[in-house]
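Each in structure tokens, the structures are laid out below.
After this come two complexes, each holding subunit A, first together with subunit B and then together with subunit C.
Then we have the complex of A and B:
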């Protein structure tokens, strides 16, 4: 473990009977977490699941609220959710809803922020499966930070929750297949986007297209999205970059660039998406050694962002590995690993197919006023000023001196962009990685100091009683 | 039947049972969630509790609007207001979890 992980909350390590002790604590109620919980419970282990929302399903299977129209979705996806949610219900795994995982402190206590009670729960499981999913990549563009601009995934989960398309003129922009999926879903809910702006041009990538034939399920899905878009006459502006968003009265004026030049569109809302990456910020590293503290395993998109099918398989894998570790009996994970490998191939093919065209690349010609770090209000110009000094700054120094990746999103939306821009400014130097900026330590999410102090003092009181 | 509401800046915002605060504000046509962040207003962005861009005060407690379920009679306010509506200092709220060392 690196030094910065040795961060102890309590002076006296607690061994009190008040500490709840499930065998396995699973963090996250998406496909990876649910399938990990089901597998571990099948092996006879006492499992608890920690979920930040009041419902399970994660972003991909976000459930409609009672009375809302379920968003029309493919039969295969519906069947997968039915199977998984039934298996989870039958496993009788207890779920801590409205609870947020904070971290594993140096003595091995797992801290969970219970938002209903406002208290931090301290747990001492034998194993922890981290299944915190993915976060979307959003490249910096002038105006991306304005109210009325969201991620495409954010727009999509709200549609799933409420069964209603976002209102007004909506523009989707960025890169990748999620854009056409969201466009088709908006069309089915009655308000198609005014256009989909795509940096790549999958229709021109013949080799990638040929490789897609190996994944007929994905091809069928993409075909359905494109048919729905065509029916609603949604333009798919490929090889195009959204170069800026400006407020104009109540609406946005949006600057688009492609090989032929620039033009402007008006929209009421914009949703951006440039891919996904693991939501592994502040997570403890995998830990399977003999050292004290629980076994820690990652599963699903937070280990490797490969989408829902791989996530469910990876959850099975993690659940079985935990059972193997705790019971000493060998478990078969070959099937799960085959599914993961196949989906790794599918994602690589999709990435090739959607590769941005030259001239649409992110980070090129960004004006100085472009916001990079929204939490701290730091711009591309601020970073350029910091990095133009004769003594080259490390990622850590850029954070400490410039406040990049220092705010409450903990670098989830700026650390990778800042590192990429730093690499462009100093092409000869070894490129910084996002973790150089963020560091790696708990809490994995902001928590009120009051709740932490309460947990600490409560813990010490109980420990004192035990010692009497 | 009368819909349940919560209070937002003197306005009653209706919501459906189980709906998040962010979804209810959005359905009411509210895009900005008021002052609160250095680079601009708080607002809905990622929908999964990751970006911390939609923080509001729910009965005085800072919560992500995209995660917190709407509840009847609760008082929901922009981040930069305390219960009396007077502006607070600019740092959003006392937290551990900025990644500063």
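Then we have the complex of A and C:
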């Protein structure tokens, strides 16, 4: 019997008149998404915003949960949020809360997992703006995956939501300015970290420091953080790397290394941060207009991780580009591009200032037992064993045969690290990119089968609720 | 019969394509002491093998050459698992074909009798027995046929194991542009690649749909897209299933879809396979048209709707990945395996459509035997490429 006899004919469910069709669907309610929505709405387009949480603002403008005190914040940031949130409210853009973007499927339908109704909505907008923000980079170190170890950005968001600092002895470690920002916020909330471990040493980078003078806003901000840290006597251990985390009873024993040697610290919690990168896992590529499928544009940190000011400007740029594409009328994006360029310069300067010192570089001398993929429990040693033979595997083969990036996080935590480690093992080979491991197929996030079954079975009822 | 053995034992053999068929051919050639040059346009298991459902199964076969081949294919997996080569990669399990209507029941009974007559061990399970044996399966299951001694293997894992065991270094990202003719008219001396010629005493083309271009068989080979789904781990539901669940609905259309004519442009044959990891593999479609890189919500929702109807607990499990691939189909529904007519040392092995994982190792072994002048261990005559006449191949 031939293989084809296993198959019976099936019909694709019709999906015509009852699919709701906004002109523009914006994915993500952070600064980029909100400003893109505002701009597109100002141009007269019907816009909907898809936001996975119950509130807008994204990670940077995360709102306190009911009953919690808002975290003290700088006046400028408060003013920016007030302006943006007011403009968004005035734009009367409908928001789908508790909804997660799954992807653009083969026929161009945009799939949104509505977790309130337990049903996947199939939408046919003319344009999609992806504004899914950034994710934190956390390089592998022994023990990074243990319960009780989080990201610094995660701690910050928690402080914004609850208005209080995490309890106990907290150690912040990794690389970059976010560490001192979080330390200052913890200090203001009454529980400063026991130390900030920093792989770079900004105070020794004279050229970078001089260049910082071009960004007085950033300098002022950094100065405030350092003053708060100093006031709370938080040691800033520069040129130091966190080489390992071990459980010791209820607490952690943490191994630190610097040019002078090694030492150990005890802490109840550890938060790690090695920078940010676009949250672009499983996102469709930019797509300009050819059928089938909507115009797809990325905006903000998910296009280029440059921080909140650039994200807001990039949102404006994307909103205007969408309007230009759909109306055929040229729109001015020069102002937004100037802001983006300026912030690109600022981020490059910060990166130079915070460049890790020799001996603190990521991926150096990692022990084989270091976990790389925590979903599947795969280690650096597993990767080395797979990549040390004369037959050089591609990223996709490493994924398949090592199960890296195959777990339920879909590679969010390990794909970039695995690709980076592979590139270090074989510097001469074409370097793998995280997408070799993650792929670009929908669903971009795991989705309940029950919800997906609903997507097509109730086509004639698919008048998706929109929460205004 | 055109599968005549060449006179001399080959020293070096060029194999084009490192899907499961090419990798198995390379492995068995290397085992016989042949130096193998394995050339691959992309990377091992990059196409159909890497997107296959992994069935090592006779359950859906009717008596005939494909059933005979599938029985040998399953047996070889079992042997290679016991010998250690496939240890940890072959999951031995039954296939349960489930009927959900009176019509399906009667067809299923006939099918079970045919399998049994061909020597396949089958059991008929009543509704009560289905419930007792597989409480997770829907009460709509009126009966089931348990096909014993089947299994599951993941194509890319098998390929990796074969290549690793044989110590073969694959020439990745190397496109074969043509076959190089030899000193005599009926002999080839290798292939031309984008990086230059690669020579050998024989050439085996196992390049899936791409084989058509190299062998003048483009009118005979065609891609058939398939879409498949993988869930997150659901250990309890997974442990409650003693084998793969196959919908008996396909049996109803038996006879209406013969030999390529009137075959549907888009078909669905539902199989739910509980994987070793605790995940489920759910498939799949068979489509004459479509981009192998994409999945559409119509097909995915339809597959899942049918899957939930059979296994309601799946509604509470999350879908982790969807993927798709193109199998290579042959116009008459049978694979091409054997020596290419008109050439003494040129061989082809492709066109397995949905049976590549099941038949890949068996085919690789048979082709290696052919190339080395030995009698293959199973009857290749029904698959002889000569049935499509002599084609102009060598440049």
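The definition used in the following text is that the second predicted complex is superposed on the first by the 444 of 468 C-alpha atoms of A that agree within 3 Å, B and C clash if a C-alpha of one lies under 4 Å from a C-alpha of the other, contacts with A are read in each partner's own complex, and residues count from 1 in each chain.
Here, a contact is a pair of C-beta atoms (placed from the backbone, for glycine too) under 8 Å apart; a residue touches a chain by one contact, two chains touch by 3 or more.
Predicted model, so just to flag it, every value in this text is computed and none were measured.
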item	value
Subunit B versus subunit C as contact partner of A:122, first or second or both or neither	second
Partner chain in contact with A:391 - subunit B first, subunit C second, else both or neither	second
Contacts of A:66 with subunit B and subunit C, given as first, second, both or neither	first
Partner chain in contact with A:401 - subunit B first, subunit C second, else both or neither	second
Which superposed partner A:158 touches (first subunit B, second subunit C, both, neither)	first
Touching partner for A:452 - first (subunit B), second (subunit C), both, neither	both
Dominant toucher of subunit A (residue count), subunit B or subunit C	B
Which superposed partner A:267 touches (first subunit B, second subunit C, both, neither)	neither
Which of subunit B and subunit C A:109 touches, first, second, both or neither	second
Which of subunit B and subunit C A:443 touches, first, second, both or neither	both
Subunit B and subunit C footprints on subunit A, overlapping residues	4, 400, 408, 410, 439, 441, 443, 446-450, 452
List of subunit C residues in touch with subunit A within their complex	43-46, 50, 60-62, 64, 66-67, 156-157, 160, 163-164, 168-170, 172, 224, 231-233, 246, 249-250, 252-254, 257, 259-260, 263-264, 266-269, 285-286, 290-291, 294-302, 304-305, 307-308, 314-323, 327, 329, 333-334, 353-355
Residue ranges of subunit A touching subunit B (in the complex, touch as defined)	4, 52-55, 59, 65-68, 98, 100, 102, 115, 118, 133, 135-136, 145-151, 153-158, 161-162, 164, 166-167, 269, 279, 282, 371, 373-378, 399-400, 405-413, 438-439, 441, 443-450, 452
List of subunit A residues in touch with subunit C within their complex	1-10, 12-13, 15, 105-107, 109, 111, 120, 122, 389-394, 396-397, 400-401, 408, 410, 439, 441-443, 446-450, 452-453, 455-457
Subunit B residues within the subunit A interface of the complex	16-20, 22-23, 26-27, 29, 31-33, 37-53, 55, 61-63, 66-69, 92-101
